[in-house]
Amino acid sequence: MVRQQSIGIGKCALQLVLASSDEIEGLKSEINETTFQYCLGKTGSMDLQKVVSAIETAAKRNHIIEEGLYREMHALYHAILEAVQGVTRGQVQLGDVMRTVGLRFAVVRGKPYENEQEGEWIAVALYGTIGAPIRGLEHETAGLGINHI
Amino acid sequence: MVRQQSIGIGKCALQLVLASSDEIEGLKSEINETTFQYCLGKTGSMDLQKVVSAIETAAKRNHIIEEGLYREMHALYHAILEAVQGVTRGQVQLGDVMRTVGLRFAVVRGKPYENEQEGEWIAVALYGTIGAPIRGLEHETAGLGINHI
Amino acid sequence: MVRQQSIGIGKCALQLVLASSDEIEGLKSEINETTFQYCLGKTGSMDLQKVVSAIETAAKRNHIIEEGLYREMHALYHAILEAVQGVTRGQVQLGDVMRTVGLRFAVVRGKPYENEQEGEWIAVALYGTIGAPIRGLEHETAGLGINHI
Amino acid sequence: MVRQQSIGIGKCALQLVLASSDEIEGLKSEINETTFQYCLGKTGSMDLQKVVSAIETAAKRNHIIEEGLYREMHALYHAILEAVQGVTRGQVQLGDVMRTVGLRFAVVRGKPYENEQEGEWIAVALYGTIGAPIRGLEHETAGLGINHI
Amino acid sequence: MVRQQSIGIGKCALQLVLASSDEIEGLKSEINETTFQYCLGKTGSMDLQKVVSAIETAAKRNHIIEEGLYREMHALYHAILEAVQGVTRGQVQLGDVMRTVGLRFAVVRGKPYENEQEGEWIAVALYGTIGAPIRGLEHETAGLGINHI
Amino acid sequence: MVRQQSIGIGKCALQLVLASSDEIEGLKSEINETTFQYCLGKTGSMDLQKVVSAIETAAKRNHIIEEGLYREMHALYHAILEAVQGVTRGQVQLGDVMRTVGLRFAVVRGKPYENEQEGEWIAVALYGTIGAPIRGLEHETAGLGINHI
């Protein structure tokens, strides 16, 4: 069950959210040599619903998942929630506990395992800042969620 | 409160655990140009206590934190727990819920903020696999914890 | 401490929420032969507060609990929260994590233990669907909470 | 996206664990008229790992899931964890918080949605007792986990 | 629904665990003027089961609760778990996350409400230290759980 | 690493929130003999954000922490969240799960360890009532959070 790709699907997603503006093009070329599909975006809010919604919307608009198929939405949804748990570390809450996030997100879809039958998986990575709703009173945060699709 | 370093302390820790063997030397050179101190290690277990312990021990042995000072141990401990929450996503448990991890970890210490008074902070990053205690039945996982020290 | 009734109080509550329209009358007859009191209802919302409130209100209106007595409200409240944890499985949240529920609920009160001194207990069962706020993008969910009263 | 079956996959799993010995045969006949596959079992322990393991083993032995395929094990694993959260309501722990369970479990696999593309899903239902490790000092508990496979 | 006693049942339990050796006698006299019953003890462990067990055993031996009655054990058990959540703040775990506690505990039983029908309630208070399993590397911790009985 | 003060920083914070109006002056005199700084306040809400905000604002206005320094805000924030977990015992939520709090809070800052290098720490204590949003349908609750600053 060796990985099919030269790079893991989760690592790929994390590198996309961590990449600086001058690293991103090189990274995109690298991913384009794999069979992975991906989308990238930004979201910032005290409202967790908006964060979840921004990632779902981006994945649908970029045809990473098929919007009308619950199976795909369900896979994505749980991957998002798992990534959000890395970001929130304990309480899956933002404004309710007086904090806000500014995040980059990446959704990557593909076949990460050598065995063809393992099929497609999805990775959601988040990276950015979390903190008080006052600029600068914040530190970095990250999360990764992975699911079969 | 602009970041003092060209790279965030959390991003630095995440890049260390994500780096492949041919990327690691370049990354180390890059970090050596910052004022950050760091250590890197590996740990794998069904026993969460061993994971926590391996990171604490590495941070002490590599003089990233001062072992006799509770203040520093406390800062590290909570950063580890936050990183572990990203890895476990929901229940901070491994063997109890029949799963095991194989992780690389990085502990980075330094002054990530421009304002000198913000002092030192610590970042703990984890990246590896989580899954059933059967080789190959696993997917990637990651976590990041950050604390003032 | 053998059960006093031919059917457990929790099983009774679960059967009430699972029953189809043609099963419900037979079930009601069966429960009427026990000493259990019960009420049944429906609630659907993205707002967890409305779910909790709907169950509390139904239990009060149907005289399953005595509204002015905190002791009874407290017993019911914790039974509701426990049932909600089965429905939400991890984060006791709905709209905040972009999901909605459509639930049937049953509250059953009575003496489930043979030993008269064990007194009255309360069971809250929930069954329905949870998912995205789009019709059809949902799967089944259930929960059971039990408390002494 | 109307349900394909006359009965939901989760309701089917819950009915299997709730059925008394004289109800079970009728229920099995009813399920045999659907396209669902299922297995039934019992497990009791203060050790959560044994509970998870008993369900996984039964699902593999009864060919509900394909053991060598991580995709299927992953789907089952998360469905089990979700069902366990209904049973434990808050802390996914048994012996550590001085309690034990005696559970019946059912694993049901099939196509619950009318749209063929929604594919297969898996439901895990649990029902039994939870309480102090002293006979009789226990009340009922239940849980339901559902996942795409 | 004014409090019947000059002091709340939870405050009474907290004061018992906070009292220094020269305060305890005065406090005991004060409580003896109420209708509250109580017991006091100490427990220290990396094993949460031992902490739960020590409190249950003390409450039984001191006849604060009636051991054979599940109703009373259930009320105490949930009050203990609630108090433990204050002590552990997030993960209800000790040794698994490499930490240990040294705690004083108090269990208080009585009628805290003026309305006689509110009946008896139970309070469990915990106070002591939590930290690494190395002497001195610890800070204070506390918790309070309250339940109707 | 013996405590420097005759009273622990957490015990001090708990005593402040527990003190009745005739005890508070004696307690204040006692604390004034230590090197601890503190502030006291009240907050009541169904909205957790307001609770967190009230404590943060009081600590800033009373110069217990330096508002512009993220390091200090971060230490306070995590101490508040830990104290709130004792109050909420499981779900860090109020109105969402249909409950409200009325709390006294104390924030204490100082050097609780004999070893000068352990530096300053912060304690947040909460005590009051939690319950249904109907007067009298409530019981006591408490929490304590401690952090290095």
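In this document, chain identifiers A, B, C, D, E and F correspond to the written order of the chains, with residue numbering beginning at 1 in each.
What we mean here is this: contacts are C-beta pairs under 8 Å (C-beta built on N, C-alpha and C of every residue); 3 or more make two chains touch, one makes a residue touch a chain.
If you're wondering where the values come from, they're calculated on a predicted model, not measured in any experiment.
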Farthest chain relative to subunit E (centres taken as mean CA coordinates): A
Cα-superposition angle relating the copies subunit E and subunit D, to nearest 5°: 120
Chain whose mean Cα position lies farthest from subunit B: C
Inter-chain centre distance, subunit B versus subunit D - centres from mean C-alpha coordinates, in Å: 36
Contacts with 2+ other chains: residues of subunit B: 1, 70, 74, 81, 90, 93, 96, 136-137, 139
Footprint of subunit F on subunit A - complex, ascending: 90-91, 93, 95-99, 131-132, 136-139
Complex contact set, residues of subunit F against subunit A: 47-49, 52-53, 56, 70, 73-74, 77, 81, 84, 92-93, 96
Residue numbers on subunit C that touch subunit E, as the complex places them: 1, 69-71, 74-75, 78, 113, 115, 117-119, 147-148
Complex interface listing, subunit D residues touching subunit C: 1, 8-11, 14-15, 18, 81-82, 85-87, 89-90, 112, 121, 123, 125, 127, 135-137, 139-146
